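Structure below; questions to follow.
The first chain written gets the first letter, and so on, giving A, B, C and D; residue counts start at 1 in each chain.
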């Protein structure tokens, strides 16, 4: 929704002290919270509802004396918990990453990467793009370290894999499922909120499906991402944007890309589906006032459970028009799957996407004299879903898949191995031409 | 050309991300992780451990090297049939005690040896000299020749730290690729603040910040302009809003949760 | 010839003295500020310009303009021109006060005033400044000893301290009597020593800048800089006497003493001429005349120094008529005094231009206040001493032969 | 009347002594430079302008924290000088040369005390607070300093700075060549140790000159054929190699003659064994004696009063 009118709750993750309302002084350096990022003692924490103020039990002197570089812990304290809980919104960021398994995230796992080793920081401006928020203070991607041709063997397979890199994002193969270790919310229906009587039910992961403050949820663990063309740009719905309510679903964030755009690559996304309020007349998204400002608060939804009052107050705080009529719409957000990179040997194999390769025994279809190459091993070695399932991952339905990527849905005529790639026909295509 | 065997494939695949095989130990705990014991480190990368061990080693100093030109060197390597395929280690942690003895301001560098070899395709680019000793291996570690700086007997031999920096930065600059700033390769170590912090007991949070700012005022100034502080900033990758500098959660960005 | 020095019988707190007191107060305030906030607080001195007004005026010029003391002592006592004795006491007083205030100025200028004694312990014989300091220190003592008989003359047998201090009357009087018996026997030594010490440090003040060949403008940087300093100091001795005597006699309404001053300045024709010849010879031999028409601030300062400080007054002195005119003589001597003053400022401040930093320097108000305050204090003390001690010649109705 | 003849001769004698003295002992002047000092060779073609040397210098010398962080590289473009809070500074110069990516090629110049072989400051110091040590360092001993700042006047490199804002105990501040670290702790100077690219080579000065010559010879296109500091002001312990003419880098051309030579020569020839003051004293004594005789013979001139008093006055004033 929006932090406007709910500052005190939302800003408990702000790197500052006391952003209670719109009067916060953003030029006052003494309000910066240095400790939240630079604590190394692990004892620092903020009060969740305290507008960023530290928990009164924290020994600030001890924490100040312990300051050091940022870590997965300090970054994670906020970024693992966005949206009100662990892995709720960032599907691929959860406390699992404090001490991750190899299969969970190969960088942060045995190699012990800290966040800032990739998210290079200069002058407190942290590199990295997000598909969820528009702000970008510097780009960083796999290519920065691994280059655009990351498969650096001199073998033919590397050549093929490097060719793929022109069309496919690294994580398409290297993170075939997301939220591997911790279920993430994929659906959130605000319209159902308010029923204090309704008893939450636990799903198969043990997650609750209902909260009277927030509504109804669906959780998923190790789901397969949605694949979309992505050229680096996002389309976003911003507060005040007029929406086309005739659409059944509206994308609030959506990657921009196309099969015809050479810069676009097939990239994995989590889709966060929500049901949220919209102004029936003005057709823009509504800002509810949820979190009570104080004891006297008369409008907060989480106190009075009255949407109408919450919208009137929230929209006033946001300085936007509200007609007085609201309705609920279904919205989607695309969240890029950027982390939880699996080890190389667990990337998708050739046949998991290219079914036509399943029966091949050699490379003869394209290459001469390749009898000594065990094509089958090459083409089949990859993500072992049955093994993952045996370890408790919810992926048993993915075992044996050979159509992991829906080529037709992405604009191909079919498997590009047969029908040709984006800009070049492949030699073994039925309309073969070099 | 295509005589790839299964073993080779495995090696390559391993090299892809610089990882050797080990039994995949998948996360076994899909339930809420609040109960997971955080201290338990389940998996460590074997090549990381090896790299750490290698980083600690100090190899015997090579007194004399064969002084030959780049071309001669390349020719020699070609003659003995060495190429980037023959590398034995794909990943190094540059964290030599030779350097650490005098320098603890930066953390170790993760050096992707295989990656660099793959990109340059020329061992002689970095392994510019070989030991004069014929029995020594053709290529050797940087730290075999480059150890302490300002060696009296070898006044022109760079110390290890300078050798790394000149080699890495020089090449990165020349190739216009790769980082040439400090933080591009290693994280900065933060000195122990135990004796630096001067705070009375039970300070207000603002007082803590003022104490930080006593020395880090520029950092505070930087922070005031950062997205983590303003929750808004430039949006160069948002379609139709690329020129805007005010977008963010604090303004009109929205979401559905 | 007769001469009787006597305390001046005049009102002390004249308006001029009050003005002096005000200037002293301002200077004192600046000095207090310097000892609270540091030299940087009151001055414009920097890394590139470590020496400024204080060294240029308070010290270098102060020393040069106190040359009247040793030049008159030389004239009257060493070569026995007793005719000129009436100017010796005031010149001695000027020198004594001049050097005292040089040291006071130094105390303000050096950063660790309390450590000023350290060079006596840690000798650096290669240091020109060390030699200057030693000479100045000894010479200052010589000056005090030379002046002591005046005090003796005034108070011997009449020490009369007020109140409880009266107990000291006897011992002090005894000391004065002792001094009266011992000093005359040794005075010849101090007189010669004073001249020797003066020659040494007057020249060495010029050597100070020889260590900075890249910084001092070539118009001034010459190996004979010490000789130039010495000759100019000697040349300015008598004009300084004229200058000071004219001011004193005029303001205290005493006899003009032109009978002494006019012949005195005849020596100056030669001495200043010698300086002029050396100076001109120097720029000719070293070829530095090429800079003369650069019209930069530095070369202009050189031209002013030479034309108005040396050449014009020298030409004026050549005329016996002008020498006999009290006004013209005063003007010429003032120009010579000013010329030497400008020369010292030029060598230490204007001509000093560090080539790397290219830093400009102009004295800060605080520095000016200190300098003005010290000069005012010098005049004030002079005025005080001539009021109570027999320094100036007693006004006589009949003109002495 | 005219001038007394002896008077004239006296001046001539002094003048003559000065001139003759300086002529004669121009050869006699002896350098007191240490025979085998340490030095540093700064290779400006290697320097990357990271300011780590400034940071290390600040740390090992416990200097006050800078106003702006050492990571702020924008400061490089100000032409800074070492000051009382920084013994060394790095400046960036651009000659206008452009590299293949259309970037101006910078040259970074580290400035610090050059530790001259025959330092002007040491010669000038009034109280031996500054000394040239055998290991090459020009060492400052604050306990002897009186704060006259003659060293600052004398320094041809305009290096020594001064704590102008300390009212009572100001110090002259300049690079120490990490004297204690090098001499007692057998460590490297802080800047040389930290330099990530060995733009600073530490070693024996004579070895460094060889190294420098070798670098120039091996790579004549990279370097100007000049080792700045090898001969300047009689040689300095810190020396520079550059690819850009030194005058363009704020490293001015300086005479090869040691700075103190002229002043010391004059001082020594005039004052060694205090011969000239003694001679002058003797001459003046003679003149005085002669003139006293004369005035005695003249019967006390026109003076009144008895002989004793006249004598007294004559001698006195």
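Definition applied: a contact is a pair of C-beta atoms (placed from the backbone, for glycine too) under 8 Å apart; a residue touches a chain by one contact, two chains touch by 3 or more.
Computed from a predicted model, the values in this text were never measured in an experiment.
Common neighbours of chain A and chain D, by the contact definition above: B.
Chains A-B form the pair with the most C-beta pairs in contact. Ranked by separation of Cα centres from chain B, the top chain is C. Chain A and chain B, compared by their mean Cα positions, are separated by 27 Å. Rounded to whole angstrom units, the spacing between the C-alpha centres of chain B and chain C is 71.
Rounded to whole angstrom units, the spacing between the C-alpha centres of chain A and chain C is 86.
Note: centroid distance chain B to chain D, computed from Cα atoms, is 45 Å. Each of the following residues of chain B touches two or more other chains: 216, 219.
Counting partner chains per residue, chain C shows two or more touched chains at no residue at all.
Residue positions of chain A with contacts to 2 or more other chains are absent.
Interchain contacts link the chains end to end along an open line, per the touch definition above. All chain pairs that count as touching, in label order, are A-B, B-D, C-D. Chain C makes touch with chain D in their complex at residues 1-2, 5, 34-41, 43, 45-48, 50-51, 74, 76-80, 82-83, 85, 88-89, 92, 109-116, 118-119, 121-124, 126-131, 133, 146, 149-150, 183-184, 187-188, 191-193, 195-197, 199-200, 203-204, 207-215, 223-224, 226-227, 230-231, 234, 263, 266-267, 270, 274, 278, 352, 354-357, 401. Per the touch definition, chain D reaches chain B in the complex via residues 46, 48, 50, 65, 68-69, 72, 101, 188, 192-198, 201-203, 207-208, 210-211, 214-215. In the complex of the two chains, the chain D residues touching chain C come out as 1-4, 6-7, 11, 14-15, 18-19, 22, 81-84, 120, 122-129, 144-150, 152-154, 156-158, 160-170, 250, 252, 254-255, 259-260, 262-264, 266-267, 270-271, 276-277, 280-281, 284-285, 287-288, 291-292, 294-295, 301-304, 311-317. In the complex of the two chains, the chain B residues touching chain A come out as 1-6, 8-17, 19, 21-22, 24-34, 36, 38-46, 48-49, 84-85, 110, 112, 114-115, 117-119, 183-184, 187-190, 193-194, 197, 199-203, 205-206, 208-213, 216-217, 219-241, 244, 247-257.
Residue ranges of chain B in contact with chain D, taken from their complex: 102-103, 149-150, 152, 155-156, 158-159, 161-162, 165-166, 169, 176, 182, 215-216, 218-219.
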